[in-house]
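Chain lettering (A, B, C and D) follows the sequence in which the chains are written, and residue indices restart at 1 in each chain.
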Amino acid sequence: MTRYILTLKCRDRPGIVNRVTGALFDVEANIVESAQFGDPETGLFTMRTVFDAEVGESDVNTIASELASELDADVKARPEAFRRKMLVMVSRYDHCLLDLLFRHRNGELSVEIPLIISNHTDCESLAERYEIPFEHVPITPDTKESAEGVLLQRVEELDIDFVVLARYMQVLSPRVCDALEGRIINIHHSFLPGFRGARPYHQAHERGVKLIGATAHYATADLDEGPIIEQDVVSVNHWHSVEDMVRMGRDVERMVLSRAVRYQAEDRVILIGPKTVVFQY
Amino acid sequence: MTRYILTLKCRDRPGIVNRVTGALFDVEANIVESAQFGDPETGLFTMRTVFDAEVGESDVNTIASELASELDADVKARPEAFRRKMLVMVSRYDHCLLDLLFRHRNGELSVEIPLIISNHTDCESLAERYEIPFEHVPITPDTKESAEGVLLQRVEELDIDFVVLARYMQVLSPRVCDALEGRIINIHHSFLPGFRGARPYHQAHERGVKLIGATAHYATADLDEGPIIEQDVVSVNHWHSVEDMVRMGRDVERMVLSRAVRYQAEDRVILIGPKTVVFQY
Amino acid sequence: MTRYILTLKCRDRPGIVNRVTGALFDVEANIVESAQFGDPETGLFTMRTVFDAEVGESDVNTIASELASELDADVKARPEAFRRKMLVMVSRYDHCLLDLLFRHRNGELSVEIPLIISNHTDCESLAERYEIPFEHVPITPDTKESAEGVLLQRVEELDIDFVVLARYMQVLSPRVCDALEGRIINIHHSFLPGFRGARPYHQAHERGVKLIGATAHYATADLDEGPIIEQDVVSVNHWHSVEDMVRMGRDVERMVLSRAVRYQAEDRVILIGPKTVVFQY
Amino acid sequence: MTRYILTLKCRDRPGIVNRVTGALFDVEANIVESAQFGDPETGLFTMRTVFDAEVGESDVNTIASELASELDADVKARPEAFRRKMLVMVSRYDHCLLDLLFRHRNGELSVEIPLIISNHTDCESLAERYEIPFEHVPITPDTKESAEGVLLQRVEELDIDFVVLARYMQVLSPRVCDALEGRIINIHHSFLPGFRGARPYHQAHERGVKLIGATAHYATADLDEGPIIEQDVVSVNHWHSVEDMVRMGRDVERMVLSRAVRYQAEDRVILIGPKTVVFQY
């Protein structure tokens, strides 16, 4: 018995679930988890199904292809045990990176991490400890284009599924965002749409808010405007300086980012236009 | 087009979802919400599906009956617009009752409330304001049996689906709990299993906990041991007296109870042994 | 023994607390609660002290005056039992108003409510039930100035301490905001600074956020930019329509507003520039 | 200028704050943070004050001694920069230890960690990475007494202020708990008093609760009954297996323990009988 994950997105209409479950029943699959959502605004239907079956990966791929063509749908299928390849980008702050590496090592994050890229060397020893290859790609205004070229090349060479910006303090160019649409997860240290752009904790402190937060979203050419995957907040009060907010925010950032990465790794996120469907449980 | 809710519970095995969606597809139903859960421990499968179809209630009942017999399943089906009948029991505290009545009136709680029963008259005027019949059934140790008889009689006469104990300060006898198994929702003012029994805020204050909470659960013959539907907590500290906890707890109690009642009203709760499956979204 | 609340705001420097506690010790007062905050940015010191003493209100006022002149401070003192006068403004939605009236009646909100003003009559019967005077002051673009004149007149006549906009759907003019600076509490149905202005739940739904919230703040001439008193959020996901957000938001709005009003009623909020110090416990 | 932290506990009566602030004013100290609490039940008064002064540590100690004798109080004073010595005990799970070490290294936890003791060697390399001495002290039923002897000896030799049980899976004997009363912080993986004792996630899963949690408390001879410092919870539902709870619980455990340790490190926790006063901000 092998466990598979199948996701599907197509135009909504009657009979889709029956068609999918019929195809699975034909191979005597047992569905162990299934979630679906029809979006009234876009008219799109999305679905994620986890099933056990005694068939091989190529049979499942055939089922997926047939469903795709028959329903005119985007369909992805994979063994649950398959680990998506994730490239992490980081600057100097290491709290999000450490959190990802720790969860990766203890089995919470079912991914492979073929490479960490950084424009600084601060996190190199951390990468070493967890035995993940680390590449130092410095960035200056002059070298930004070539640095991004390195990123795109590594994504290609290493067959990367998605890129995580784990407090990577550089804005990616529209070229990269477009090339990797829906495949770059960024963590922004505010509850978007509040406090877009630079130094959100400073903005929050100046405004005197009673909550600070973090937002994991897909990077797009519009800075801090990409589809949101996960958000959370923590209470603050008049006592909290910007430094306190930075400290407290670290915990929110890493929790939010790690949840978003886990959803991505488990194919729980489906893009519908400027929004996400997240099949949590 | 009519919208229907169908719930199902049976022994887990391959093909159930395909069978259900097939039956719905046969009447050209469009599924708008669907959730399922197979419990590895009991081997039970549970499902809740909301669909639009151009067939009448009797056709849907036929489908439900056929599925029930074919799958050896408990199946319930109803139009979404159908409102379950809920009887509320209350003593002197009115915060939970007011919350339920307010939500009922503004359309959040899709139920009918044919009757409020109380062992006191404090809440009578509140019932009047919301135009809900109110019956005063005093209880003394001597009259408890006959008072409970009145309850059971009203449940029968009024075709009550479920009973809500909205801070009803009397313990129901095993006779009533058994007769209405899975149909009585109680709100207990602690996070169970902590602080069972009487005066949980006093117990919490004495123990010096940093959280207080509330638990909505089905009443069973074992006091405070019934299947849990919903729980929540709020932070407290050394400043909070028992009176503060009572005040803060009121908000948690009414929020937790109202959520549980909404789940029940929308057929989102399915009992599997001593636990609940709650198909929230 | 009478319990008093004293609040103080002045330029920060050594010796303030010693001076205040010395004045209280001279009348053998026993301090039962005390909190203080020196703001490094503005250089302001703020303090709130609750004490029991066997002296009368005029003696306490004398102490307050002496401290005010000696420390060049804003000092307010009052018996704890004194109830501030709160005027509530409301349009058609009644959930915040009901929450305030319910808490007022059960003793959670230690205020007097001499008047409710509304530009509609929907909430009149609710006001009647709780025996609070209700005045219908319709507003059209033409009558806005005179309607606001009525508000200012009532504030004066009734010796109102502060005004609560309990989902009052009209924007107050700068004239009123300035006249009642720091004395008007508004509830905005988003986590500011996200989703300022009209229809924040629609904005939230369109943006695809995973949290919605509410913010209680002082109204100022800059719409939705006033000093924030309290904020909270609730999680949402792809399932939640605008209508779901409106429903879920009602609970956040009324909780946040009621907390802010309680802080105001108990003199727990002190303005320092564009921010608030909130001495919760 | 040096910043000091002073804490005080004594019988409550008028004039204490005035006496303390008078002593500080005499040395021209500027109070930057101050919190106090008089407990109506025990009649105890507790206070924590942070102040800047141009006097040396011996002068502050003299002030503390004078206050102690004059008020018959427990008084502790220290420069804020002084770092308390914390000994960590751990078994095989490393998530809490990693969290403490990471926060220690990035400056969030102002302590020294002279030693980690473990009954296993799993965490030795983690200790090495953060350059903290590690001692392997195996425990069998036969060697428990001598192993605890080693602990007590290290506490003495290294002048340890407090011991943290970071998921140390051994129950300490009453001898050790008594010897180090109020100086051992344990993390229990449930919201106490729910699910005391072994395997709380299994207990939680079996009971079908909708929340799981963690509790940081002082270890006492009564297992899981010591004074509670901090607690938190996370929502679970029918999907969550025991393994999911263990995974989700790790985050709650480490957050709760790290907060409790920070409070202890900053002298924010004062014991009053079986409860704690925690002067958070």
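To be clear about the criterion, a residue touches a chain if its C-beta (ideal position, glycine included) is under 8 Å from a C-beta of that chain, and two chains touch if they have at least 3 such contacts.
Quick caveat: nothing in here was measured; it's all calculated off a predicted structure.
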item	value
Common touching chains of chain D and chain C	A, B
Centroid comparison with chain A (C-alpha atoms), farthest chain	C
Interface with more contacting C-beta pairs, comparing B-C to B-D	B-D
Chain B-chain C separation of Cα centroids, rounded to whole Å	36
Where chain B and chain D are represented by their mean Cα positions, the distance between them in whole Å	41
Chain D: positions in contact with at least two other chains	237, 239
Residue ranges of chain C touching chain A (in the complex, touch as defined)	37, 39-40, 191-195, 207-211, 213, 227-233, 237-239, 241, 272, 274-278, 280
Chain B-facing residues of chain A, complex	13-15, 17-18, 21-22, 24-25, 28-32, 34-36, 38
Residue ranges of chain B touching chain C (in the complex, touch as defined)	33, 95, 98, 102, 106, 108, 129, 237, 239-240, 247, 251, 255, 281
